[in-house]
């Protein structure tokens, strides 16, 4: 169709292609989720259904974008790792981040009712996104360790905080009790005062969720009507430790990492 | 809370603050909306309800972000103009674009049922976003003229195309009829063959939608129980021509533009 | 010539084109010039020859790059203003800044002997460069006012400092005398103790140097051997006040500025 | 000193820090060196003195910036490799590239007379610079292979071209002779027509120049007046093949590369 004299304005768009051969991490974060979780009565410190909804959104994002090799989520955030060779949208930064954030958000609203059938979504939630480039496998792994450490630190704190609050303390009192305590003291507090063995709490709360593609064998019927077994890659959620070596030894080659 | 040894990975984040004192345009675009509109049986060439849903999303984005002074939408896209002085999120590019795209998307899914009560949303739609900086008022106005010209060109073409298809031609035949025709020929075709006066079609289809904040007087009752009139800025949708001077003469000072 | 299998590495180059229709300022700064001026025995607080050499370098840079409309220099720095419409090297940032810094540096070493015929250049001096984009005429003018204000503040201080040192004080004593003094006190100190009327000092020291292109009439002899007058644009150095309106009223249209 | 109301203009400077943990290559290129070499009567196809001057400039740049681990030069270009961990100037792109280009240029003019004592420098030469980031050791090595391959291809062509021109052909005739020829044909042409064994030509012409830091033992006299041997890193120029493995096997650990 005819070009208009106004088309010169396209030249003001910046070429924002990211560096080739570099891991790309897209992190999606809930916007104003403190208020959102209050308004929607999320269970504290962890709402299982809310976390499962987050996982569902991440799975669907991974199913849409084959270049995502791993996703890690905790609380109201999810990180997506795009492989180094990824050429999605010519590696244009805002195109990639906006599309992934949009698809994640869309899934959140779309699937709300499946996870909260009795709870009306009161207003549309939103997320922001950012992109970080990691040139080296070790940097990428440290990024993921950082997020899982963050999950652990926050969850231990929140478990104590809400145990105190549910036992009758005010939020300010609970904060005062916890100020300056180290991990071992928080574990002890949970055990002695509330009979909670922190390490027995659900792994999803303590470790967050890791999604990778696993090869599975599926029984199916072929065109001739015979039973056959076919291999397929499907995204699978677990709550493993991704700080220690074990996870990486198992999955390195699959993920294209060299350690 | 304690810092972990992994926190160095934050240093890999790029500072992507945009240039100060420059108009920012965020354009949100439907991803795969050709298929999406087919699957959901949108009326061709224009689905009034689908356009009204887009407008609703844009209104809600404007109500959330006060720095947006104007929005313009057509088809499956919407452009948001942030004022030059905007300091939203320190003008960080990916933060701004991801948040706006996310909120727009969230509203789309959230409000679907209000506009399509009898039509189930089959899968979660998504949008991408981009940011363009315009240093000069004239560049900004030319950008908006470009989008409205695009609306006109596409809509005239699509109106002809679907008239031909609805009259029994195949899509390929319709394309062949229209190839190489200029605007006047398309107008003539609509009038002579289908008795359609293009200029009498709804303005929303021909011009798209413009949203600005208008000061309105609202009657209310004050604390003493008396009727009072108060002024309030509310976002209002119109379908005006934003290429010609008239719109700008009326709204320049309000929008902070100098022509 | 044949392409090699290694050429893919070119794709790692970033497209760093600057925003169109925006003033570009390239500022060149001496690297380690405190030491450089000591080693080469520059007169303190101002070495006329050293400043004239800086001006010469800037003139030659302006003669080479026609897109530079104005240059402003003081001390060991020079700022070059490229017009908004400039399409030099497709507005690629590092290409522009590296070339201008290189040409400036080259001129400095090349012309050293003309300004210091009796002083050997002991080692190769160097400069760094940066690029700043200004979307608006007023931002650009404020940038230039900032540099000239900086020139004034530093020069007044340095004039006092070196007067005190030359009169026998140590550098530490001179600093102590000046600590916390305002401009009027410094002026008074110069006048009462050293009989220096600051405002009578050479303008180049107090105001720095401004270079613009001026149209001049040149008498020449044409091909028929007749005396003729031709107009030519030549770069001219002055030491005017560029903070107040007068300079801009005189030169706005020439420079393409709108105030 | 007092801040002025104009200082806000500093906020328009972009933070252009490069990605951490990534190889940085700064390539310096002669600007208009075809003309420059003509005007200064450089010997064709290779002027030994001009190449040695380039090497001298690169050595001095390396001596100034300890973060440069390797430099490779050919014709009128030089590439400097900064180690991954380099934190020079907080990895700010324009600061790094402008300073290196400036220092290189300054050395070129400063040292001209040492290499061309009988040849006056007619005008100030200049260079441009660019920065490329390489996340991976193999990408970096491929970059260097690309430049050395370029050296070989250009030098073989130029050797033939100038042999033909020196033998009486016009430049156009020489181009016609060489059009479409492959390497083996060019080698054959040199040997059969000009009795030149290309592989016997100086390595500097065929391979370019590589500069790295080598540990050398230096005999010196210590404070007690005794002869002692001390180890020192000094920059050394060679003309080795950097495409094949041998060079890298020898120097990997020194350069911090993993192959």
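The chains carry the letters A, B, C and D, assigned in the order they are written, with residues numbered from 1 in each.
The rule is simple: a contact is a pair of C-beta atoms (placed from the backbone, for glycine too) under 8 Å apart; a residue touches a chain by one contact, two chains touch by 3 or more.
Since this is a predicted model, take the numbers as computed values, not measurements.
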- Copy of B-C's interface among A-D, A-C or A-B, judged by over half the contact pairs being the same? A-D
- Task: With contacts defined as at the top, give the pair, B-D or C-D, that has more of them.
- Result: C-D
- Averaged-CA centre spacing for the pair chain D and chain B, given as whole angstrom: 52
- Could you tell me the distance, in whole angstrom, between the mean C-alpha positions of chain A and chain D? 47
- Centre-of-Cα separation between chain D and chain C, whole angstrom: 31
- Enumerate the residues of chain C that touch no fewer than two other chains. 12, 14, 19-21, 133, 139
- chain A contacts chain B in the complex at 1-2, 4, 6-10, 12-14, 31, 60, 93-95, 97-99, 101-111, 121, 123-134, 139, 142-143, 145-146, 149-150, 153-154, 157
- Would you tell me which residues of chain B are touching chain C in their complex? 19-22, 133, 135-136, 139
- Can you list the residues on chain B that touch chain D in the complex? 11-12, 14-15, 17, 19-21
